[in-house]
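Heads up, the next two complexes both have chain A, just with different partners, chain B and then chain C.
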Partner chain A sequence: MILRIDLSAKLALVGLLWVCAFMLPWAYQAFLCVLVITARFAIPQLRPQSERSSKAFSRFLLYSVAVATFVILLNSMLIRGGATMGSILGFSLYEEGLFFGVRTASRLLLLTYAVLLFFVSTPLKELIRFLQQKGLSPSFTLILLLTLHFLDHLPARIHQIFLAQQARGAPVDAGIVSRSRALLSILSPLVLSSIVESIDRGTALELRGFLNRPQDARLITQPTAERNALTIILLAGTIILLLATLSRWLLG
Partner chain B sequence: MAARLEISSLSLRYSQGAPLAISALSLTIPEGSCVGIVGPTGAGKTTLLHCLAGILGKHHPGIVLSGRLQIGDVAYEGFPRDILFPTVGLVLQDPFVQISGVRDKVYEELLFTIENTGRGGEGSDFLIQSVLRNLGIEHLANRKPTTLSGGETQRVALASILIAEPSVLLLDEPITALDATAQAKLRAILKGLHGKTTVLLTDTQIDFPLSVCDEIVILDQGKMIVAGKPRQLLSDGHDLANVGGWKRWGRITARLKDLSHEASREAPRILKALGLR
Partner chain C sequence: MSKSIRQRIAEELTGPALPFVAFCIALNLTAGQVTAALKIPLYLDSIGTILVAVLVGPWAAVLCGSTANLLAAAFGNPTMMFFIPVVAVIGAFTGVVAKLGWFRKWYLVCLGGILQGILAAMVSAPISAYLFSGVMMAGTDFLVLYFRSLGNTLMNSVLYQGLASDPADKLVSYLIVFLLVRNLPQRLLARLHGAANLRTPDPTP
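Moving on to the complex of A and B:
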């Protein structure tokens, strides 16, 4: 029995954090969000695997804070109940809406941070190899691979299409209204080219025998299986949390 | 090991009632030889290769296929309905999509194919090194596949298929994105495969196939227009322009005509440039 942060432990951690996002009060969720961000810097195995993923993580943190603030403000304005907490631009902010917004935002943040931490610290090839070793269906692995590849190359592709549309005079650099109108001219080629490339990439992988991979092929790269104590602890934590919540709900 | 490829009366429609994408095509490629399919866009070149590789049969359930395919001793009535890898290896037109994206090094990219064939083991390293050496890309072994140039990616894509030692190698417009130097390298590689693997390649231009293939087939709208050895086509170049349908593939015959004309004046230089001498 060993104790290490490998892929199985990371997956178990994501599972535990997701359960926490639904079962724990918002204050715990907010605390866990801070812990996840700290872990990204403090634990070597959870650090981004490349400079690109590191930048993506930082950028995503920034966006997520903006989205969370927006969710909280919107709920505070729209859900009218409790005391008035203040006002912004003439709109009153209500206590009930504020707490609902905070609960929703902290849950969303924890869910996304957990997934983000997993993907920035796990190279795609490692994940695919792990899934193959665990005997996941090759078709499912192929779909996952194509999806992740698409997401990985999405920013570069958007930039490319953005430049192409700019070159043909689309008002991509103008004000927010023009940019919104130009969005369609970016989205259409983005979706179409992504579908075409995914089909081609899937075909290419099939042409290299990916779907007909013999079961024995798993053994070629599979290291000696050894139970990871950390994975077991995290899984146990998830089950205990689920049982505790269920008991509390049953006992009123 | 190379295998003889025999296509008998291949007809193909994408669905019942759709026009014929390939019409009664018969072609025999002796083992170890190289045949080029030349034709304009929409001639049916890619369709033919995808059909031979088994992609069409597998992914288009409504496709109407008739005819017979024989690869070595194995015959497929009505053409294959599953992917024939590793017996048949297909390198797609866009080599960049052939790179799996799940391996960090070219060496591992080749290992990925070996793992898929379930062969793996101790002989893998020797096999990978020999394929890298034969294709002249040993220096790329530790490079990240996604950082390679177009020519390098083309050769890695080819290596990723050749590592499985297919009996028949299909190349879909392999020189589309290659400059003259990269084309010359690919030409040398294909000549090196002569006798070892049966090769069927496609192109919209006739120059490259003339320089590497033992036989060339001009295809248009799914029909075979002309077939012959490069020398024969060069000598018949003037007459080909008069064959029906030349407007669609006139560019090819015009080029042949030019080459024939040049060949008659400057035969030694042209033939040498095309690698026919």
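Moving on to the complex of A and C:
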């Protein structure tokens, strides 16, 4: 039995945080949100694995604060109950709406921060390898890896087709109807070239026997790792929280 | 004997379908780049799912849409993860509609797009209302605000907003896919599982 923050522990942590987002009062959820953000900086295993992930985390943090503020303000204005808490731009803010907004915003932030923390600290290739060890089909593994390949190349290909169509006189700067027609002139060669590439790749896979003998074609086959005590603790916490909430609900 | 979901997906994902589904997942994630370059007010974030549903099959489309949303979450937009049921419904419905041969006639494509929009609005409304309080930081939030100011509940307001915007969006996506697949050479389409969805059945026995 080992104790470390590996992929299974991170997945269990996401599960626990999701349960907390639905079961705990908003003040605890807000506290957990602060803990998640702190963990991203304090725990090496939860730090972003690339510059891109780090930027995505910061960008989403700003976006989520804007969404949360918007959720709170909108509900404070629209749900009219309780005392008036103040006013913004001539709109009154009501107590009932304010608390509903705070509850919703804290739940939303905790749900999204949990997912975000997992993905920024886990390189996709590592996640794919982990899922494959846990029994993910080789076909699906291949789809994920090919998607990453396409994601790397597609923006450049779109840009290339866009420039080519522009050079041929496609109305990329005309009215909305003409631009919509130009959209088809960009998507058509893109889809056509992708089908051609798919046929080539599909044939190559068939020739290598990937589709006929999936068991032999597994990209990585490693023995299952030791059980992680941290994963078990987090899963136990999730189950205890679920049971506690259920029994409280049943006993009234 | 009925087949398991895994078997059905495996049946659809053969040969060129595997790389094609991967391309469509990537297309779902990058199509916004094309519309942004052309300054067209459309997301087209399910165009890849619709393409897979028509050219491969419904199960592959469900896989395509769900994976695209999962990857969108991985690339910094975790809210997308909660809308996996919506893209799953889009993939399944479009796949069924395509199997019924609706992608052979333009008016059936229009009808399918509108029905798809209504279905998508109905599935996304509870997620949007209960998880996000109807706020998605998009222009459509003002529609929710308008419906709420008329005295509707949050759930109804989000549903009405969805019904007002989703059918138009899906109609355009369906028409784009219809025009795209119509212009593709039959020789290439024949290599994909769902190409039969686009051919008129031969009346002779």
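Convention: the second predicted complex is superposed on the first by the 165 of 252 C-alpha atoms of A that agree within 3 Å, B and C clash if a C-alpha of one lies under 4 Å from a C-alpha of the other, contacts with A are read in each partner's own complex, and residues count from 1 in each chain.
Operating definition for what follows: contacts are C-beta pairs under 8 Å (C-beta built on N, C-alpha and C of every residue); 3 or more make two chains touch, one makes a residue touch a chain.
Nothing here was measured: the structure is a model prediction, and the numbers come from that model.
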- prompt: Of the partners chain B and chain C, which touch A:Phe41 in the superposed model: first, second, both, neither?
  reply: neither
Task: Could you tell me if A:Phe91 is touching chain B, chain C, both of them or neither one (first, second, both, neither)?
output: neither
Query: Between chain B (first) and chain C (second), which, if any, makes contact with A:Ile128: first, second, both or neither?
result: first
- request: Please determine whether it is chain B or chain C that touches the greater number of chain A residues.
  value: C
Message: Quick check on the superposed pair: does A:Leu154 touch chain B, chain C, both, or neither? Answer first, second, both or neither.
response: second
Message: For A:Arg201, using the defined touch cut-off, is the partner it touches chain B, chain C, both, or neither? Pick first, second, both or neither.
response: both
Message: Looking at A:Gly209 after the superposition, I want to know if it touches chain B, chain C, both of them or none. Which is it: first, second, both, neither?
response: first
- request: Considering only the touch criterion stated at the top, classify A:Phe22 as touching first (chain B), second (chain C), both, or neither.
  value: neither
- request: Under the contact definition given at the top, report the residues of chain A touching chain B in one complex and chain C in the other.
  value: 124, 149, 197, 201, 203, 205-206, 211
- prompt: Which residues of chain C touch chain A in their complex?
  reply: 6, 10, 13-23, 25-27, 29-30, 33-35, 37-40, 47, 51, 63, 67, 71, 73-79, 81-82, 131-135, 137, 141, 145, 148-149, 176, 179-180, 183-185, 188-189, 191-192
- prompt: Which part of chain A faces chain B closely enough to touch in the complex?
  reply: 123-125, 128-129, 145, 149, 152, 197, 200-201, 203-214, 216-217, 220-221
Field: Residues of chain A defined as touching chain C within the complex
entry: 53, 56-57, 59-60, 63, 66-67, 70-71, 74-75, 78, 100-101, 104-105, 107-108, 111-113, 115-116, 119-120, 124, 127, 137, 139-140, 142-144, 146-147, 149-151, 154-155, 158, 162, 172, 176, 179-180, 182-184, 186-188, 190-192, 194-199, 201-203, 205-206, 211
Residues of chain B defined as touching chain A within the complex: 53, 55, 59, 83, 85-86, 89-90, 92, 94, 97-98, 100-104, 108, 112-113, 115-118, 120-121, 160-161, 164
